[in-house]
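I've put the structures underneath this note.
Each of the two complexes below includes chain A, the first together with chain B, the second together with chain C.
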Partner chain A sequence: MAEETPRSEAQAPSAPPSAAKPAPAAKPAAAPKAAGHGAAKAVPLATLTPEMQQLQQHFGENVIAPAPYVGVLLQDKSRLPEVAAYLRDELKYDSVTNLTAVDYIKDGYFEVVYHFQRSTGGEPLTLKVRVPRPQGNDLSEPVPSITSIYAGADFQEREVYDMYGIPFSGHPDLRRILLWEGFYGWPLRKDWREAYYEGDTKPFDSRWPGGHHQLAEERVPWADNVNYPPGFDPLNFHANPDAGLYDSMAEGVPGLKVATKNGHSESETTVLGNGQALAEDEELRTDQIIVNMGPQHPSTHGVLRMVVKLDGETVTDLKLVLGYLHRNHEKIGERNTWLHNIPYTDRLDYIVGMANEWGYVLTVEKMMGIKPTERAEYLRVLMAELTRIQSHFWAIGFLLNDLGAFYTPALYFITERDLILDFFESVTGSRLMCNYFRFGGVSRDLTEAQLAQVKELAFERIPRKIDELEELLTDNEIVKARTIGVGYLPADRSINYSLTGPCLRAAGVPYDIRRADPYGIYDRFDFEIPVLYGADVYDRYRIRVLEMRESLKIVQQCLQQMEQTKWGDIQAGKKAYNHRVPAGQAYARVETPKGELGFYLVSDGGQNPYRYHIRSSSFINLTSLKEMVVGHKVADAVVILGSLDIVLGEVDR
Partner chain B sequence: MAEMVNRPLPTDFPNDPRVPEELRNNVFITTLDKLYNWGRKRSMWPMLFGLACCAIEMIATAASRHDLARFGWELMRASPRQADLMIVAGTVTKKMVPQIVRLYNQMPEPRYVIAMGACATAGGPFKEGYNVVSGIDKFIPVDVYITGCPPRPEALLHSFIKLQQKIEQQSLRTVPWYRPGADDVIPVPMLGPDLVDMRRAEEIRQKAAAAQQPIAAQEG
Partner chain C sequence: MALLGTGILKGLGVTLRHFINTYAEDLKYLLNKSAAAQPRPLRRQSPKNKGLVTVEYPKERLPLPENFRYVPFLVFDTEKQEEKCTSCGICAKVCPPQCIWIVRTEDPVTKRPVPQPKEFYIDTTICMNCGYCAEFCPFDAIKMDHDYELSYYPEEQPHMRLVYDKAKLLKPDTYHASIHPLDWQRELADRAAEEAKKKAAAEAKAKAEATKPAAPAQPPTGTA
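This part shows the complex of A and B:
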């Protein structure tokens, strides 16, 4: 996982030209953080791994150069598809696990960052491509799309387009993904400001020190969290946030009308469908229809919208509309201080708060070069594995809901989950939003009573309940009939789609970050990575049961080994409010119950992340949904979605 | 009807000579309002509708431990047309708010709204986000607000009890849904370059026409 981050000396955060901050325009208060940025110091270049050297040898040093801090830089972006194909076919990096961009406004370019991953494990390979920054709100120069080589790049490229206005040439369906068509501006560009903008970085003067109370609404010109371009006329405007959505789905749908643009226009409606779905000689000619499921639908696990094209009851095409819970984690995260972001990570995938915290804290620790104490390591494992158990209880309960076993199984499992949450609450103070991890440790230790509570759960209650769960479900006729062979996606396709987590392991790929790229102290425990080969909904259910048992094993060992550590020794170094993270970059990830959760962070040496990117497994896992669903009945689409176990907070972020 | 409601209850009812002897222990006299509200408050049908993290606590409230059914509120309907209570459980985003307003418009009167948690109340931890609406009450009227991030299940139960108290206070004579204009729909906001509250459309048009530059956020 670790990309070595250079530990530059704390005093002089050598201003890397590549990680400069936007000039705090006419706001002296932000100035102290920018101190020292003018000093031109050499940016440490990354050390090349053998794979990177091979890449460099093959393409030549003029094409592949070491990048600042980590990875390699591709000098000529038009050769990206070629390089990607070489990475996949020759170097066996079979998935693109993370794809994002950074806006280096001072240096005038965007950097698109790719993390390629081998499904056999090991560290990812970082590849960077630069494009010049355009003027104002314009699109930048295009970057070639790699979706034809790595299917998993599909949503991720769209996200970069949505947030930065970097188009990807050759992308099959390049539309906004988290926002809507017609939104004004590209939010993650450093010179784009949200309506409630108050300063580039927190803490804002209005809040600390000497904070005073002021409603944001009273401060901003539109008296609300909105902003419009000059000359915008809402009374003469044709709003079509879904522009382009149905274009490629129209084949075979009679009379489908779509408006092609979001904007001021007279009539831009065209009829796309032609109703010629089946050959003329078919006996029964059927029309296909398009059905929107969600964003308010009981089976979509939150505010997801599935647009399905149906022939009778069979799904012939599917598209997802995301962003109904897009809460701007990344923009807010780049304004926050390093510490501020910990409670926000709880709200990403809100079922598994503490697993997310670990991912973030791990990345920052990597950059700061600190290690948590022994006892904290054990507490982290304990919390993360209990989180996995309760998340899988939840996932299985709601999968059964989707199968039509309305509520009964879910109620059983929510009861068990509540017991685990009780433990979380007594230790951290909150059931869901635990805010427990700290850089270099955790926030509280366990009391005797809490220890007894968790031991009762780990050694008595939960093992019994997992047995009960299996007895109820694993050999249940209806469950089997509804799930075996449904939602099949073979291993090679799963990898190409960058699928991670239980769904990948149910397709026969033993890929689990805890073993593939170990972090924490997982090497001290005796546990297996369960693998199944069905690649269908049934095995995705079964793998979760197996994983719960393995997690339980870890929890039990953890509780035993923890006795050797010193009580109360939970924080390395002093507790600090204000952290300075040395300039650098890192990508680190953990295995959450949903899959790989990664954080790509860039620091310019200040109190705030310069770039805060979340690689979310729920979001990327959804890329493969279409291939799993097409050909099945619409009722199965719901089940297949349930088997992916997504949480919208993490999908939309 | 107004007369009936206004008439003071006889205080010495058991001794009233007009009531036959054999009925004296079997008849209750109450107001129509009381009866009507008593029935309504114990059988609310919330809409099965969650937005974010708070929805998880809402589900926990509905599950066995906290057991919403004790209040007669357990029948969650997925269709707004069958629901009388919308629990706005989670962050209201700009992309989602047109749907929420539409759902609210589709609910029949009498209808109630609970804003669950910091986000639904005022934007919560994500208030400054560019895709976040600063509280659902910018668009639809809210009856009960609950604090918390997320509110505990007990807090949600508390809000139900508060809402029951509110319902008890209502009178058939004054409730808005029997009055003219009660079925006015709230204009669904539009997703243009940003979220447009159509009730402010004219103001937005004038302001935007006067502006040369984008009216960017001012410096702190």
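This part shows the complex of A and C:
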């Protein structure tokens, strides 16, 4: 076991993170280092696509240069809005599908990475911008915001600010998004350490051969493991992390008294309107009020907090407070080995574990340049499409809950979903946390009994139950009255907001990764991408029913075609646990039932990902919620949220 | 839009059908002796079932599939009367939440590692039941369990009790065979194949030695 990473770092994470360079993978200068690292070594530059060349011709070669490994590099970051506008208007990249950053600590810069996408399909265009790394915990130099050009960049820029301390100049509401205002430190910077820090990368030596068990709190005593800002005094600390939030919603509304002093300590917020105003005025005047919905389940979808401003019952403004389920999944992912991450992806959107695994495994396979076996390809499609069916059952069931049809329809559909989960359990060993996909294959093949079980479901039971679902709901007058025309968001706005998944297809955009940027073996099946044009809650319901029928078609064809493949041939190459992924970067995505799930991975050639970013569809779909909800009643806000079908495990990560 | 109510009536019809089916299904099984012999949890879990799907846990339990995985256990070889684990440490390395702790045994004289774990801990409060340890173990020494009821009352100090040591982790291979019949079959077949291979190799070697005496066999004896 000579490939163990010798860890030079001391175990005690006592001191606050200094710039003491905890090397990402603390290995003695081995072969080619991290992606983009070490200018002395020849880093392979990206080959430019025709679009990239066009961009380079327009802006000149000293502005747009080929980036290491993938995409183009924008040398002068102040020209970013100009470049983004050109991409949108001339090159027709109409949405920014992914926006993240990477901390190249050795080279001393942050790289902000943009992936632009055409709604007509094709590969995304990668654009990178670099900012120098600041000292200690300071903010870096600002990067111009592109929210005015791409509305979908809103939450994503806030996330990058939250995690890296990179401010975006011109962003309308730049606050922390997953962490609370007043949090000290920027968690995804490479020199930041979590509370129970043990080492930079797994596996830890203390487990083997060292091995005496120790609880985490014994290993790392409390009070040694938290970072405080300099001069922090717990006795005089009064947190009001929401001051900035209420401030931002109070603007321009007369009659709404929000008295905050800027800062996080001594502000006092009066959210309700001042009662005396009514007596003094001669005419009856209504005040707008701010109401917090959640975080305890505003709509049974998890711990999400919607702060709505109401005029009577009508929503006039909406802000979301996220992060109640935040666990810094991406940092955990950087500590893990490549293999360790597969079961963690199950916990992202825990309803559709199999689809998440596929996204991650697909990206790593792309970097390693391997392909799964035939049999494994079919098993993957089978699992992913069954996942889509069960997720849509769940989504529709809970949409009905949000409409007030408490639990009768939801439980009918959960019964069907449970039968699919029974199948997952018998194959993989677990209902939700399946951990089924492997690099180059899957973990288990089906037995005869399991095959019979899934055939009974796919050919007999599920088709019948989808018919029943439609009988129950599609023509129901109450459902129609509550949903038609509610939550309207036209196609062009949806695209601009980077909306993906069924909600985008219900707005008349036939964009589905399975056809737009194909992966796996979807080209072998006869199926359609259903499109509807209502762009409201009713069509978001109907599109899910149509998609379930298409998925069923794929499952049926898959089961028939699978008979020609060799039983038991489920793993390409030798089964391994210590993978090394060649240095480089990759972005790959899959169509989950919620939308586009992408993974942006950076490898430095070691056993662990250097950067592990998740483009979460639930999170980015929420960006457009405000525009859908404003103008509707409070009760409809809940329904519209339900129609987006988010899962907070993936939103908060 | 005119609210005629046909859609609502149709929907209510579906609900009524569900309601009637819950009774009809049970009645069918009561009247049919051979079908009634099938245990209720199994019947209710079947995709053919139209009636109620719930069972009365904990009086009734759904049957667990063989692949079901919960916190792992160590296999004790009852035939050889020894632990199968060789403390190679692969399970500790592939464990994503790093919940496996192993201490190797050292030979007191030579200080070389002995293939037997001295201590073996699994912190089940951290274990995420992913099954990697069982999947990557080259000796079939660690397997996923079917026992999913691990709760304790707070005064019982669950965080200490749920750290399993070797004594608590070891279970006989007969137990493993009873919950994983297919996997056990595969293990036996693997073992038989390996032994046959070994035997064939030994026979071939013996044959080679028998056919070519003296000359090629000299160097090893000479060096010894």
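FYI, the second predicted complex is superposed on the first by the 565 of 653 C-alpha atoms of A that agree within 3 Å, B and C clash if a C-alpha of one lies under 4 Å from a C-alpha of the other, contacts with A are read in each partner's own complex, and residues count from 1 in each chain.
Convention: a residue touches a chain if its C-beta (ideal position, glycine included) is under 8 Å from a C-beta of that chain, and two chains touch if they have at least 3 such contacts.
Values in this document were obtained by computation on a predicted structure and should not be read as measured data.
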With the two complexes superposed on chain A, say which partner A:Leu472 touches: chain B (first), chain C (second), both, or neither.
second
Have a look at where A:Thr49 lands relative to chain B and chain C in the superposition and call it first, second, both or neither.
neither
Quick one: classify A:Ser426 as touching chain B (first), chain C (second), both or neither.
second
Answer with first, second, both or neither: which of chain B and chain C does A:Tyr577 touch in the superposed model?
second
When the two structures are overlaid on chain A, which partner does A:Thr314 contact: first (chain B), second (chain C), both, or neither?
neither
Could you look at A:Glu456 and tell me whether it touches chain B, chain C, both or neither (first, second, both, neither)?
second
Which partner chains sit in contact with A:Val226 here, chain B, chain C, both or neither? Use first/second/both/neither.
first
Looking only at contacts as defined up top, I'd like to know whether chain B or chain C touches more of chain A.
B
Partner chain(s) touched by A:Asn435 [first = chain B, second = chain C, both, neither]:
second
Quick check on the superposed pair: does A:Arg444 touch chain B, chain C, both, or neither? Answer first, second, both or neither.
second
Between chain B and chain C, which residues of chain A are contacted by each of them?
204, 206, 343-344, 415, 418, 433
Of all residues in chain A, those that touch chain B in their complex:
25-27, 29, 178-180, 182-184, 187, 193-199, 204-206, 216-217, 219-222, 224-235, 237, 239, 241, 262, 295-298, 302-303, 323-328, 331-332, 335, 343-344, 347, 350-351, 410-411, 414-415, 418, 431-433, 648-649
Give every residue of chain C touching chain A within the complex, in rising order.
1, 3-8, 10-11, 13-15, 18, 45, 47-48, 53, 65-69, 87, 89-90, 92-96, 98, 100-104, 113, 119, 121, 123, 128-132, 135-136, 144, 159, 163, 182
Using the touch definition from the top, list the residues of chain B that touch chain A in their complex.
48-53, 55-57, 59-60, 63-65, 78, 90-91, 93, 95-96, 99, 103, 123, 125-134, 138, 149-150, 152, 190-198, 201-202, 204-205, 207-209, 211-220
Residues of chain A defined as touching chain C within the complex:
1, 202-204, 206-213, 215, 336, 339-344, 408, 412, 415, 418-419, 422, 425-430, 433, 435, 443-444, 447, 453, 456-457, 460-461, 468, 471-481, 484, 575, 577-578
